[in-house]
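So that you can tell them apart, the chains are marked A, B, C and D in the order they are listed, and the count of residues begins at 1 in each.
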């Protein structure tokens, strides 16, 4: 309804009521204007009506929603099912054009607009999380694995013939498989356990030395190296890689640095370290999951970079159009959050973290266990399970009590003899899960992830306690049974 | 998105695409302007996106959707459940104000606008159906029964002390109960079966005579008479009352005429007879069901009248606010139909009627039955069931085969001895269903109602044939069994 | 998906995952079973998915949703618009049948089930609010005014010839118009202002005496009296009528008592007084608004009674089917609340009340005003506006600042000379709004209504303060201007 | 509602109605059982209610929808925005797991089930279109370009070191960019124009010879060849590649054959040729767009193969999870179509084709043009634009009249001198668009694509006629203007 329609409405409903209503309506219109002119998260999140109205209006810019449109091509955005049409708000052209995922579409001005909006909102969200240097980004309808692969394929064009990736080990399959998918050769940089603590981390200097000639010169070897692939957010006891140091090495060696920041946006510590890395060294691309950081369904990633050129080059490499759902999901979510809401979910997580640690520590102590001392990881926490014979039974019991997402690691000593190594994409790992061979503890991982509710945490702890008690009893019975059997045998 | 936002969008998406999109968008805006300025059904029905956008925009005129609104009253349109909020498109103030169902609401300019739009669309739909004289109407969130009662309560204010209703009998409970609800006394005008046909109809002259003194003067008796209540659409063999003749009597006698036009809007014959009645006589109010004529869920009625004053007086009598769902449903539906779609559904019904009759006649003949010859009823058709012993078993068998809506009437001869009369609101009817006592045939009613699909009709006939065959076999077996038993007894 | 389908799913997805999923699914099914077997509010509110699934499943019980259904009647639940179909969850048969709003529908088992569920949920909600005696109820798709009228029409059948209503005055139009609509004669029972406070209330004994002969006998006059119509929730300074005393009089006199409990369900004080009235006297029907108490859109009412027979008799009187939207809205909302949520919203309101009073008192004091001392009204509060010349300007300024729902009363002294009395349905009130003639104060009403948010309250107070300041300045300027003008004139 | 709930419902609503409703309900349940047991398209398409109910039920198998679930991991399917949650039907875990896009998810049994269902429905749809041999498939949330790239990356693992692709030229950017993205080297197989017609096609034997040694032996060269990449559906005058012949060469040479069947599923001719190719030769993977063939929004592809092993290997290569929207869209659409609906849309297209050709031919003749004679292409049609000076103005005029999807090719003779070659991903094409250099005609492409409505076609032709008339007039004026100017000059 434009102003003319509002005036016409005064002919049908008492003028002063319509004018009062019109004032409200215009405030709504102003929200859209602010969004498009200021190009950042709205100060306050938009309510549902506002978001839906915006989507409905934008959809009308697509040709398939024109009154009197006729399509004569092979791809006209026709949608057979009304359920499908509605769930996409009437937009069906996806994003991008042949050979550029960020290209605007003549038939889909509306969809293109949503993509542009999503890009500046995502960049603003990264800025608010602590990394203003990541000023350019593209949101791709691929989860982190494929998004990393897209970065690699772009680097392959930039560095013909380079096929090695220096990769500080992380026991997370997707990350390794992304390299294999892209036909690359990982050079696995080993992790080291702290002497005086429980943390597991890699030494950036290992890479610097590995890159050097005997003369301390980078020149000869670096052309085989596609990039360094560093990881931030990870399961304790591993800690995020030292991104600033790696960025300096990357700069010195003239080698790209790619950061797998899968769920690191929620951690101010991580985002600040990335920011610092951008400032003092070389960072080529930072890949983050949309679902793990922004609470949208799985399947999108934000590829960010300090360099607009790099983002543009990657976008241009993408062959053909793509599905817009993850882009639209993220845009809706960021509009619904607004700057205030986004800061709130970030702060809520930070506030929960000490409580989660304290309470997990309490539970651990009750059972003669303790928290692993891992300072550098503020998303994932681990408590030991060293007093239990079957740590893995605990994770599975939790799952059956509707606690998802915990993970148990079983130390080698407790595994059956002759246990086969884990194979991932053709690589063999003698021990997999602790990012290192020979980790001395069994443990349980718990994450303090964005969106975790206090009430969930309470439910979790009460069920964890119950599960540990049950397991303890079960194992005591076993032991007793075992002893009794031994006695019998002794007597036999 | 207003023009400023579209210009801003050009900063984000290629200008020519946005401008092309903007053209499409403006054509959409023009549809709203046309609606509000021309105040009639749009020529072409609106598509879903257009309807939803209009609803979303109008909702923003309600105060509870204002950004920064705060409510300090006892009735602020707060909605607890999101499911409920969404199904009402964010509008929660209903319609009307204390004591006038058509009054505009200071807090609900949007809802008030929808009501105004609904009123002019409904009047236009009645015009297109054949009754331009019904130029004023109010859509009430009550089905026909309560809507008739509302008309009666208004007439009671106009004619203090009048409590009788002259009512040509129709065997439809709601119609009688509406009178009882309103504390009125029905004077039941008997129906007469044609000599040379099967139709059942009332004689308007009966009423004229009943109203007159010995001197042929209306004066003395008429003050006790609240109104004549005539019925149009009805189940065959009854035919619609002769509205023009009754309107002339009403005019001559100075007595209001109320027409129960429950599902008559779909019949051009009926609508033209009402139109003629308005032209040559007195018609005070015509009540039609929204669900039976416009394919919306049950629960609304259109009260129409040639007199804007009467409609206004009725609206003003209504105590308090009311639920807007039936009004919004009708508005959405009429916008979705447009003039073209509305004419199409009307014509589709007219086209199906001869086919339905012919095919029902074929089935009837196959079983030694025939159609009742009832010329004046073009909605309901009846085939005899005189060769069956248990006609009512047929309706029930159809229901179990997912054929709903047929109705069987069983002639007195086939009913068990000592069958009790039917009691409706305290009135006793020796025989109920054929609108008359002593109707000679058993029969099955089928309606050619708006929205009936050809495919449904085919399904109906194939199952009807099956049901009649089964019943025939069953009855033959019974008869045979009976004879055999008789034989046995004879032999005994 | 039934158990067989879950087993089949195991052929498609890893069995243990499906079984785990199936466990979750079965817990959902159990919720429905509990609802239908225990017939009260679920302990915890249902989430959206659960409510929507229940609605979707129930809808499948309606014949128009049968696979292979064909309709041969005049009323087949056909819906033209998909938007309309979806907003009604695929149910289109409304509620009730000809002549009984609670009758089950052969074509609409699903809709009938929702109505039954709504009835027991509503009764349970009334029980939790403090009135277990109101054990029977019917939810009607009419707001309180029409619902009261429905109660009156039923009483007219019970008490033929009785046309007077004893009605303690309340200046609320709907309540009076409901009587007029039903063709009744109000006997207005006057309100009296407390000597030592600000409250306005009626004296039950006035009614007792008015009903008696000189001999102290009820017999002769009572047959003209249809009922006593008492009001609970109302705008301060009026307080709820003394329902227990009136119930005793009603019992003694053998006259029905109808309680207009429009927004009283949210007040434990009111609900307990109704409960006590049911216990010690006669209460025939209690009518409450669905929107004002349960946060649903306008247009429904709960008619409750200690007598199942009375509710059944009223339901049976209703002529024809009715719109189900208000019933479904209420059912959804009560399921979404659950017992816990319903108690929470009630408690939240109780907790806000003292704060609202304290803060309003603070604002009042700042401007030399005070709260009216009205103990018996715990929903509506009033602060005086005696130091302002134009109290009504304040309400209107608030409305323009998006504060809705306040109401200003202007004392006679401040009104212009020769102000006409207010006419409602033909009745004249010299002063209207304070429920009494000659109330000495001007005042502003604010409600502590269910659903009020703390944040709204803060917004309200900050804008109220601003509005009062502006008005004060404006009036001071006027006065000064007036004085200056006077001076000029003096000099002239 | 399970059977127990239905029985409980009988306690609330008349038993016979509930039982009748329950029958309807059970027929619905049977549809789900049939789907999961028969694993093919339902005979009749499901209605909206059925699809939505299935989605709602399946969603309950995901852990995030469990009552009483608590998440302790970094990825718990939390969704911030209700709009987003609803559009994904409450499912948020996407598809696949780390390193296998078809792996089932412990947390997302529901989503996994939808994916399985989608796979068998898609395979069945391909079967019904004419290629039963394509019995295995994976639906990926990537459009054809990225899906082709995924096939290439898989082949790279199978054929280490092979980097060349034999690619019969098609002037469609995505197809070439997919090769570049995957770091491959296209060997462009030239197209040849027919002598006696207008068609443009490649000669399979060219490839056979190119692959052979001087001795007619494939052995030495083939290891450099990753695959042959053939194209089916394309813009006239190009015709689909001869897939059966290429499949035989592929088999003989031991080289994979990949078919880019972007919008070929809608053509029975193409699908049968693929089927024959599978029968007589080697076909490794056939990639088809979901949006172009199944009328869903852009962004999905079906990768099909006669070999279940190949599909499994590709799925296993995919790094990480993926977005499920395209999978769910396709599943919904195929359920909504059913076998009957799918055949209907295919047949509808076949029926429109001759009419579209005839009418386009009529228009062409009116303007002295003709259809290009291209027998082998039954999706794209072309009419010459040889009598126009500015053919490209015609496409652009159509776009401004809301006709999208036509494409104009301008013959070299009409291009300005010194026109630069077209560059795609670093490759230069002297002339781009006609798949060949030196095509003698300018022409306009029109597609007879699935989902084209008759009414659209009429609109298209009436506007095309108008556009051609306008352009003709404009050019005549220009010519005249030119002549006049020349005359003036001559006179000067």
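Everything that follows uses one rule, which is that a contact is a pair of C-beta atoms (placed from the backbone, for glycine too) under 8 Å apart; a residue touches a chain by one contact, two chains touch by 3 or more.
Not measured: the values here are computed from a predicted model.
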- Message: Looking only at C-beta pairs that count as contacts, which pair of chains has more of them, C-D or B-D?
- Response: C-D
- Chain whose average C-alpha position is farthest from chain A's own: B
- Task: Report, in whole Å, the distance between the mean C-alpha point of chain C and the mean C-alpha point of chain D.
- Result: 58
- If you average the Cα atoms of chain B and of chain C to get two centres, how far apart are those centres in Å? 31
- Task: State, to the nearest whole Å, the distance from the C-alpha centre of chain B to the C-alpha centre of chain D.
- Result: 49
- Query: Can you list the chain A residues in contact with two or more other chains?
  - Reply: 20, 24, 48, 52, 63, 66, 68-69, 82, 106, 399, 402
- Item | Residues of chain A defined as touching chain D within the complex | 48, 51-52, 63, 66, 68-84, 87-88, 91-95, 98-99, 106-107, 141-146, 148-149, 153, 156-157, 172-175, 177-178, 180-183, 233, 263, 289, 291-292, 294-300, 317-326, 329, 332-333, 336-337, 345, 379-380, 398-399, 402-407, 424-425, 446-447, 449-452, 456-457, 459-460, 463
- Message: Looking at the complex, which residues from chain C come into contact with chain A?
- Response: 20, 24, 82, 399-400, 402
- Counting only contacts in the complex, chain A reaches chain B at residues 1-2, 4-5, 8-9, 11-14, 16-18, 20-25, 27-29, 31-33, 36-37, 39, 47-50, 52-54, 56-63, 65-69, 82, 90, 104-106, 109-110, 112-113, 116-117
